[in-house]
Amino acid sequence: MIEIANVTKVFGQGEAAFRALDGVSVTIDENEFFTLLGPSGCGKTTLLRTIAGFVDPTSGSVKLDGQSLLESPPYKRPVNTVFQSYALFPHMTVAQNIGFGLEMQGKPKSEVQETVAEMLELVRMTPMADRQTGQISGGQQQRVALARALAPRPKVLLLDEPLSALDFKLRKEMQLELKRLQSETGITFIFVTHDQEEALTMSDRIAVMSEGAIRQIGGPRDIYDHPAERFVADFIGDTNFLEVELLRTEGEEGRIRLASGAETTARALSGGVSAGTVTLAVRPEHADLADPAEALLPGTLAEVVYFGTDTHYHVDLEDGTRFVVRQQNTPAQVQRRAAGDRVGVTFAPGVGQVLRD
Amino acid sequence: MARGFDVRRQTGFNTIAICCFILLYAPIILIVVYSFNKGNSIAIWEGFSWRWYISAWDNEKVQAATIRSVVIAFWASMLSTFAAVLAALATTRTKPWRGQSFIFAMINQPLMVPEIVTAVSLLIVFASIKVATGYTGLGYLVIAHTAFCIPFAYMPIRARLQGMDLTLEQAASDLYATPWQTFRRVTLPQLTPGILAGAMLAFVISLDDVVITEFVKSAGQDTLPTYMLGQLRRVVTPEINAISTVLLAFSVLLVTGFFLLSRTRKQ
Amino acid sequence: MSDLAATRSRTERRNRWLLLLPALAILIFAAAGPLLIVLIYSFLTPGDYGGVVWKLSGEAWFNVFFERDFFTDTLGFADAHLSILWRSISLSLMTTVLAFLVGFPTAYFIATRPANSRDMWMLLIMIPFWTNLLIRTFAIMELIRNEGTINTVLLAIGIIDEPIQMLFTNASLLAGMVFVYLPLMILPVYAAMERFDFSLVEAAYDLYATRRKVLTKVIFPIVKPGVIAGSILVFVPCLGAYVTPRVLGGGKKLMLGNLIELQFGAGRNWPLGAALALTLLVIVTIALLFYVRVAGREGESNIG
C-alpha cells in the first residue's frame, strides 16, 4: 500500500517558482491498477518520479507499507519504472537488459537466468533474448522494458506513458497485455497517461489531476458518469454544460429547474453544492431528441454531423446554449431531421450531474 | 523550374574548391613522393629507394626523439583524458551554477592564449623550478603537454555526454544499481567512444607540438618535431621527408579513426 | 527547500569540485598560473645572462613602443618593434581574407554534395588540419625555396634562368599561413552551411533573385556566424604564429612570436619578452572580445 500525504513540489525559486505538485494526498491499495490522468504539465509525471525517487518533494511524505520512501535513493526503493522512452541500455542484449536489476541486487547467476527466462516467456519475447535492443521493433522494446521492470518483482510498478510511442493498433493490444500482466503478477501498477480512453479501459481507479492537484478519484464509471467538477467533466469525454437552478438536495439526488422552466432530478454530491445557480453536466449519449412540445429543452437543430457509428445533433437551445445529442446509427434508421428543424432535447431523471464549482 | 536549373550552383565555386583541395594536398604529396628519392635532392627525382627511411631508422637522434615523443604523448593523452573525463562529468547535465563560465574559460584557456605566450610563461616558471629542485626530466614536458591537451580531450567527451540519454542512468538507478555501478555499467560503456576519441585527439596534439616543447625542453630533450625544426636550418635531405611521411601516415590513421568513432556517435 | 534536497545539492556541489580538481590543478599549474608570473616578470629588470634581477622596473613596457637613442639620448618610436607588430597584424588580416575567399566556396562546395559523401569531403579537410603544422610548413618551404620544386621545374623548362627568390619574403609568409590555417576557416563555415535550408534558396529564386543576389542576400547573411567564427579561428593563431615565420621568414621577416622568442634567446631580455608576450595576449583578447560581442549580437538577431 502506498500512502502519499500532502506532497508539494516547487521547482525554482522566487519569481520563477513553479508549483508542480500542490498538497497531493492519495492512498493506493495493494494489487491495484491505479491511473494518474491529466493534461501535460498537470504534475502526474512529477508525482510518479517522486515515488520512484528522481524528484525530492519540497514537503509531504511518501510511504510504502508504512515505511517512508523519501530517505532512500532510487536504487534502494522496491519500486521499478517503465520509462516513456523505454530507456533500454543500447549496449546490452534483451536478456542482459532484463537481468540487469536482479544482477544489481546481487542475485546468484542461476536465479537471474531463471527469472530472465520466465520474464521473456511472460512478455512473449523468448526468441529475441540475444538480440541487441536496437534490432527490435517499438512494440517489442516496450515488452522488454516491461519485463525488465517486472523482473526484480517490485512491490509497485510505475509506468510513465509507456504506450504513447506506439501506433494505434499496437496500443490497443498493449493495453490488454498490461491488464493481463497486472492480474497475473499481482503487482500494484501506477500508470500515468494523458489518454482518457486508455485510463478508462485499464484502470481499477483513476485520479484526475490538474495544475498539481488531484481533482477527483474514483472508478472509471464513476469518473465518467459522475464527474465532480467542470474540469473533470470537460477533460474526460464530451459534455454539455447547462446553467440550472438547484432547488433542494435529498441525499445524492438534487431537484433542479432548467432554463426552460422544466423540472427534473439530477445527481449531486452531498455537501458539495448548495441551492442556487449551479452547472449541470449531461453526456451527449445520455440525451435524446424529442418533440419540442414534450421535451425538457426546446430549440432549433443547427447542425447534423455524421460519424459512421453515430450521429451528432447540434441543437441551439432557446437561451442560446449549444447542446449536442449523440445517437447511435442503426441500419434501419432513416435520416428524418435536417438543420433548421424545431426540435427538443430530453434526458432521463438522474442522468445529469450537478458539478461542484 | 527551367530544365537543368541547379539551385545550389554558384559560378566559380566548384573551381575554387577543387583548387583548394589541390592546394592542401599537393605540397604534402610532394613531401611523400620525395621521401622515396634515391638522390640527395628534395626537388630532383633520381629514382625510387628506401634509402632515407633506412637512414632515419638508423639515426640515433631520430630514434631517441621518436621514443621521447611517444612517451610524452602517451602520458599527456592519458593524464589529460583522465582529467577531461572527470571535468566533463562535473560540467554536463547539471543546472547552471555559479563559477560555471569560469570553469569553461579555464578549460578552454589553452585554445585561446597564443601558444608562444604559454610557451614563454612555462619557460619562465619551469626555469625557476629547475633551478630550485634540480630536476630536469621529462616531467615538465609531460605536464605542459597535458595542460594544452585537456581542452582537446574534453570536447568530444563532453559532446558524447551531452548526447547521452539521461533516462538510461535513471533506469539503472531504478533497477537497484548504486551510483558507482550505474557509472561502471551504463555511463562508462556509452562514453567509451568519446573517451577514445578524446584520447586520440590529445595524442595527436601532443605528438605535433613544436612551440611549447621548444621552449620547455631541457638540453638534449628533442622530440621529433623539435628535432626536425632544428634540422630545417641545415641542408635538408629527404631523411626529413621520410620522417614526415611516417608522422603523416600516423596522423591520417588517427584522424580517420577519430572520424569513424564520431560517426558511431551519430547513429 | 527541504533538508533532504539541501543535503543532496550540497553533496552534488562537493562532488563537482572534486571531479574538477585534477583538470583545474593541471591547468592552473601549467597554463593559467604561469601567465601571472609573466605579468610580474614584465616589470622586472633583465639579468645579464638571461633571467631577471628582482628589481621593479617599467623599462620593459617602455621599450615595447619606444627606444632611446644610444648616442644622442633622444626618444623615438621603436621602429623595429612597430614594424614587426604591423607585419603581424597586416599579414594576419590578409591571411584571414584570403582564407575566406578560398574557404567559403570550398565549404559551400562540400555542403552541396550529397549527404552521404559530405563526411568524406570533410575528412579531406580534417586530415591536413590534424597533420603536423611543422610538416605542412616544411612542405611549403620545399615547394618555394631556391632549390625547391617550383624553381627546379621552371629552370628545367627554361622559363627562368635563375631561381626566383620566394622564400624569406612577406609573400611566402602569407602563402604559408593561408595554407596552414585554411582548414580553420572551412570547418566553422561548413558547420553553419550544413544546417542551411536550401528551400530558402528556392524561395529566393522563386521571388526573382539572381544567383549573386541569392548568395549575398540569402546564403551569406545566414551563415555569417560561421564566417565570423572562422575568421577569428584564423586571425588569432596567425597573430601568435611562430613556426611558420621562423621557417618561411628565415629570421628576416619576423613576426611577433619570433620577436618574443628573440628576447628569451639571443636578446637576453626576459622582461621585454614578457611585456611583448602580454602585448600579443592583449591584442588577441581584444579580437576575442570583439568576436564575443559580434557573435552575441548575431545570436540575438537570429532569435528576434
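Residue numbering begins at 1 within each chain, and the chains themselves are lettered A, B and C in the order written.
Just so we're on the same page, contacts are C-beta pairs under 8 Å (C-beta built on N, C-alpha and C of every residue); 3 or more make two chains touch, one makes a residue touch a chain.
Remember, it's a predicted structure, so these values are computed and weren't measured experimentally.
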> Based on the averaged CA atom positions, which chain is farthest from subunit B?
Replying inline: A
>> Which chain is most central here if centres come from C-alpha coordinates alone?
In response: B
> How far is the middle of subunit B from the middle of subunit C, if each middle is the mean of its Cα atoms, in Å?
Replying inline: 17
> How many angstrom lie between the CA centroids of subunit A and subunit B, rounded to a whole number?
Replying inline: 56
>> Need the CA-centroid distance for the pair subunit A / subunit C, whole Å please.
In response: 61
>> Residues of subunit C that contact two or more other chains, please.
In response: none
> Can you list the residues on subunit C that touch subunit B in the complex?
Replying inline: 12-13, 15-17, 19-24, 26-35, 37-38, 41, 51, 101-103, 105-106, 108-110, 112, 119, 123-128, 130-136, 138-143, 147-149, 151-152, 179, 182-183, 186, 198, 201-202, 205, 211, 215, 236-237, 239-240, 242-243, 246-247, 256-257, 260-261, 264, 270, 273-274, 277-278, 280-281, 284, 288
>> For the complex, give me every residue of subunit B touching subunit C.
In response: 5, 7-14, 16-21, 23-28, 30-31, 34, 41-44, 79-80, 82-84, 86-87, 89-91, 94, 97, 103, 106-107, 109-110, 112-125, 127, 143-144, 146-148, 150, 154, 204, 207-208, 210-211, 215, 225, 228-229, 232, 236, 240, 244, 247-248, 251-252, 254-256, 259, 263
> Okay, in this complex, where on subunit B does subunit A touch?
Replying inline: 165, 167-168, 170-179, 181-182, 185-186, 189-190
> Touching subunit B in the complex: which residues of subunit A?
Replying inline: 52-54, 73-76, 79-81, 83, 85, 87-91, 100-101, 104-105, 148-149, 152
